[in-house]
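Have a look at the structure below, then the notes.
For clarity, chains are labelled A, B, C and D in written order, and residue numbers in each chain start from 1.
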Amino acid sequence: MNSNEIYNLLKSFFPDAVIDYKDDKPVEPYIIVSAKEIDKICLFLRDEENLQFDYLSCLSSVDFDNDNLAAVYNLYSFVHNHKLNIKVIVPKSDPVIKTVSSVWNTANWHEREAYDLMGIIFDEHPDFRRILLPDDWEGYPLRKDYKVQEFYNGMKVPY
Amino acid sequence: MFDYLTSLLGDLNIIAYFIVPVPALLFVSIFTLFAVLAERKISAYMQDRYGPNRTGKGILQTVADMAKLIQKEFISPSHADRWLFELAPFIVFASVFMGYAVIPFATVYVGTDLNLGLFYFFAITSLSVIGILIAGWASHNKYTLIGAMRSAAQIVSYEIPAVLSALTVVMFAGTLSMQSIVVAQSGGIHNWYVFGGPGDVSRILMIPFMAASCLIFFIATLAETNRTPFDIPEGESEIVAGFNLEYSGMKFAFFFFAEYSQMFAVAAVLSTLFLGGWQSPFGNLIPVLNTPLFQIFWFLLKGLLIVYVQMWLRWTLPRLRVDQLMTMCWKYLIPITLIIVLIVGFYLVIR
Amino acid sequence: MAELKTETITLNMGPQHPSTHGVLRLELVLDGEIVLEVKPVIGYLHRCFEKHAEAMTYPQVVPYVDRMDYLASMNNELGYAVAVERLCGVKVPEKVEYIRVIMAELNRIASHLVALGTYGLDAGAFTPFLYCFIDREKILEIFEITCGARLLYNYIWVGGLSHDITPNFKEKVLEFVKVFRPRIKELNDLLSFNKIFIERTANVGVLPPEVAINAGTSGPTLRGSGVNFDLRKNDPYSIYDRFDFKVIVGNGEMGTVGDSWDRYMVRVWEMEESCKIIEQAIEQMPAEGNVQEAVPKRIKPPVGEIYARTETPRGELGFYIISDGTNYPIRVKARGPAFCNLSALPLMSKGCMIADLVVILGSIDIVLGEIDR
Amino acid sequence: MRYLNRLDSKIKQYEHGNFVVTSVDKFLNWARLSSMWQMTFGLACCAIEMMATSASHYDFDRFGIIPRPSPRHADMIIISGTVTLKMATRIKKLYDQMPEPKYIISMGSCSNCGGPYWEHGYHVLKGIDRIIPVDVYVPGCPPRPEALLEGVLKLQDKIRNQSTYKKNKA
């Protein structure tokens, strides 16, 4: 199935949660969905007979523009050998997305990483803490407006 | 030698206590120095390398190691049980070294020819497990504790097949004195206990059982000395360095010392029991090869060859897991040795 | 008899530990020797790759990509180059493609050699480690002749290569392949089919295929579980569709499908397949061609985003790149294969022993540089 | 070093030195420099080159350097790779656990000064010498094994010229 067909299928099942479909070259086509129901949509994508997206290739966090953050899910199906990109856009003021770690185990660490570096909060995540940086680190480094802290534990951070 | 000296010294026989161990202690020190070097050179040879070659062509490498270890600071961890922590290396080394008292190097040099020699050897060397347990416990470190526990389980278990396989020889020889066991094997290579010992033609039947017994003794003693493939108490990749993790400087060197002395001690006992000890393999064909100097030569040759095999195995084999180690001991080695003891018993009764 | 009161102990393994392959830390909850719970703690090598990538132009990112998976730099560079080339629509000359494939496969062998050697080390065998490094040096020599570096090459650029190959490159590579084939057999004799080694690894750390897929594993870890999936075959990039090679999958020869021995063996036989690919590539490679012909003067991809994935020795390396039409990428996210593979470690190691845990960790073949980035 | 310093005060009476002290000095230095046990401790890319150096092709063992897993047994620590802020405190701890006399080789640009990560590496410690003293810096990214060996030889030179009693005179 190509992305357009999947979009139509999703739209028929989740009319409110599926927001948009973008397909302008050279951008790979992607579907924008709502942050509140991403877990249900992902579960559907995984378990639906024709889709069977059993593999979460990558979960990236993006500092989308000045006001928004985004999470991008790259899915792949071993059974049908097709791909899909899903995007979730959340405002910086309230960056909360439902977790998909119950759908794909991979998401567990990827979501922690997204939180660690970008500050996206994943709701209902089983083990939600920083993963790469120390627990007492300040700020989210990958945001464009990130200012590095002067000292960490008595060690000077900037050169 | 002890008896001879006491008779010589008369009232001053207390001096004998100090003189007799000196050659053994010297031997152990020199052996350790060169065994460590040999180990490094042998491993280098097996791995396409040169090995140490800077300190006087590499020969003085261990001397440098020792001189460096003496200079090192000795740290005892803040929560360690200080007294036990400092005592443990000496217990380990002392118990191993005391085993040398009964090992016959030649007709003229055996520390003391106890009539319970073999029994004494096993009893005293297994005391080292106490030292290891103390070291592991007193260090106040989880890795050392795990290492000590593993070591205790391993040494206690492998004592049994070792003793049982030694028992087969004792049944043949009818004595526990190591000197007498060696003397019983005189007359050439065919009289060694690995080939069934002296006796009539029917002993050919015993060759497979005694050879198996010898092999089991080798395996069991290998495990007792914590060498690969049984080096789980100090398995680098698992529990870092095991029970000696927290020791630095000379205290650590003592563990090293103990390990290498024990390697030779068990090799010596193996050669005494099964390979004729200081006996020449040619028996009385060439009488000059039976003089005391040659006796020491044969004894060292056999012992060092076995040590070489121990090293060879170390650089070839992976390590067993702790449960597999126990399985091997309790499910295979002990039943097999028991059966061998039974067969030897029947053979001796029927003969 | 009254119940014995026992307590679990919490053991901290790493970041300095001989067998954590770098600076990984594991928090273990132990019941005696049995591991009840494993918590990997990562981030001790977090070198801010993604932040750097945002501050660099596209070609400048390549050296940082090198330093991600430092055991397989060529494969990483290839992955990044493929991603940017797809984004810009650059067509690469034939000769460059062949050289890239040869380099990537040589580096795959080199990386697997380190993985297998250190795996032997984890199991307690020291010598195979050194044997593997002897062969690895031969590969590094070829790299050194070609691009001057031993470990981090900066060789595969976007659109081309930094240097052309030397005249005797082909003979050198063929000679290596010829020498190396018997060495695989030697390694098998020494380690792979050693009874103790099989006892240690077979039936240890079994990862069933459906769990492996769900946990997002890839590469030998996934194929060891019997899933026939290799991006070189299933989603070909570069010119991998022109070569004839087998995808090795674990078959549970010595135990269960998906145990540590299978993962190990997949790597061993993959080296053989890489040799095949190298031979074919050497044969088909065109003699003429300028390797810098297609290197753009200035890389300014059109506005857009791409997720391109390639097969490194550890598995699926994905680059998610967003461009806003300037010299600098907006976002470069690297999906490290070892990152996902390591996240499956707690699933594999429930109820094993400490010694098993070390073996399982070795069978995943992690590189911390790529996990923490 | 603290250990040597303490020794210093004891033999201060031989202020001008004599033959015996010098020879002992030489011997002790020789022992220390020809048996530098290295801690098995790899951080990043450079660790692979360090492993290559101790493998057959370059063979650290020639110089009497063997890897020891425990800091208590080690004399020398090679900081091989990028030191992150999360790791820095652990390295400090490891350093403190090593018994005197102990030596540090900083291998590679990253541990010398932050290397390629000096500018945007918000989580990278810019130079290991900010937390522990370094004896020898080996440049390169990563340094070739030959460069590391050169660093080791430099460290040996340094040890060779150490003295337990001359130091206080300067």
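The working rule: a residue touches a chain if its C-beta (ideal position, glycine included) is under 8 Å from a C-beta of that chain, and two chains touch if they have at least 3 such contacts.
All values derive from a computational prediction rather than experimental measurement.
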Each chain counted as touching chain A and chain B at once: C, D
Farthest chain relative to chain A (centres taken as mean CA coordinates): B
Chain nearest the global centroid, as defined over all protein CA atoms shown: C
Centre-of-Cα separation between chain D and chain B, whole angstrom: 37
Whole-Å gap between the CA centroids of chain C and chain D: 31
Chain centre separation in whole Å, for chain C relative to chain B (CA means): 45
Interface hub residues of chain C, defined as touching at least two other chains: 17-18, 43, 46, 48, 51, 130, 134, 372
Multi-partner residues of chain A (each touching 2 or more other chains): 132-134, 141
Residues of chain D engaged with two or more neighbouring chains: 40, 56, 69, 86, 119, 122-123
Arrangement of touching chains [line / ring / star / complete / other]: other
Those chain pairs that satisfy the touch definition: A-C, A-D, B-C, B-D, C-D
Contact footprint of chain D on chain A as seen in their complex: 132-134, 141, 146, 148, 152-153, 155-157, 159
Touching residues on chain C, where the partner in the complex is chain B: 9, 11, 17-19, 33, 120-127, 130-131, 134, 190-191, 194, 196-197, 199-200, 353-356, 358
Chain D partner contacts - residues on chain B that touch it in the complex: 40, 44, 47-55, 60-61, 63-68, 71-75, 236, 240-241, 244-249, 252
Residues of chain D that touch chain C when the two form their complex: 39-45, 47-49, 51-52, 55-57, 67, 69, 71, 81-82, 84, 86-87, 90, 94, 116-117, 119-124, 141-142, 144
Of chain C, residues touching chain D in the complex: 15-18, 22-23, 43-48, 51-52, 55, 63-64, 67, 70-71, 114, 129-130, 133-134, 136-137, 140, 150-152, 368-369, 372
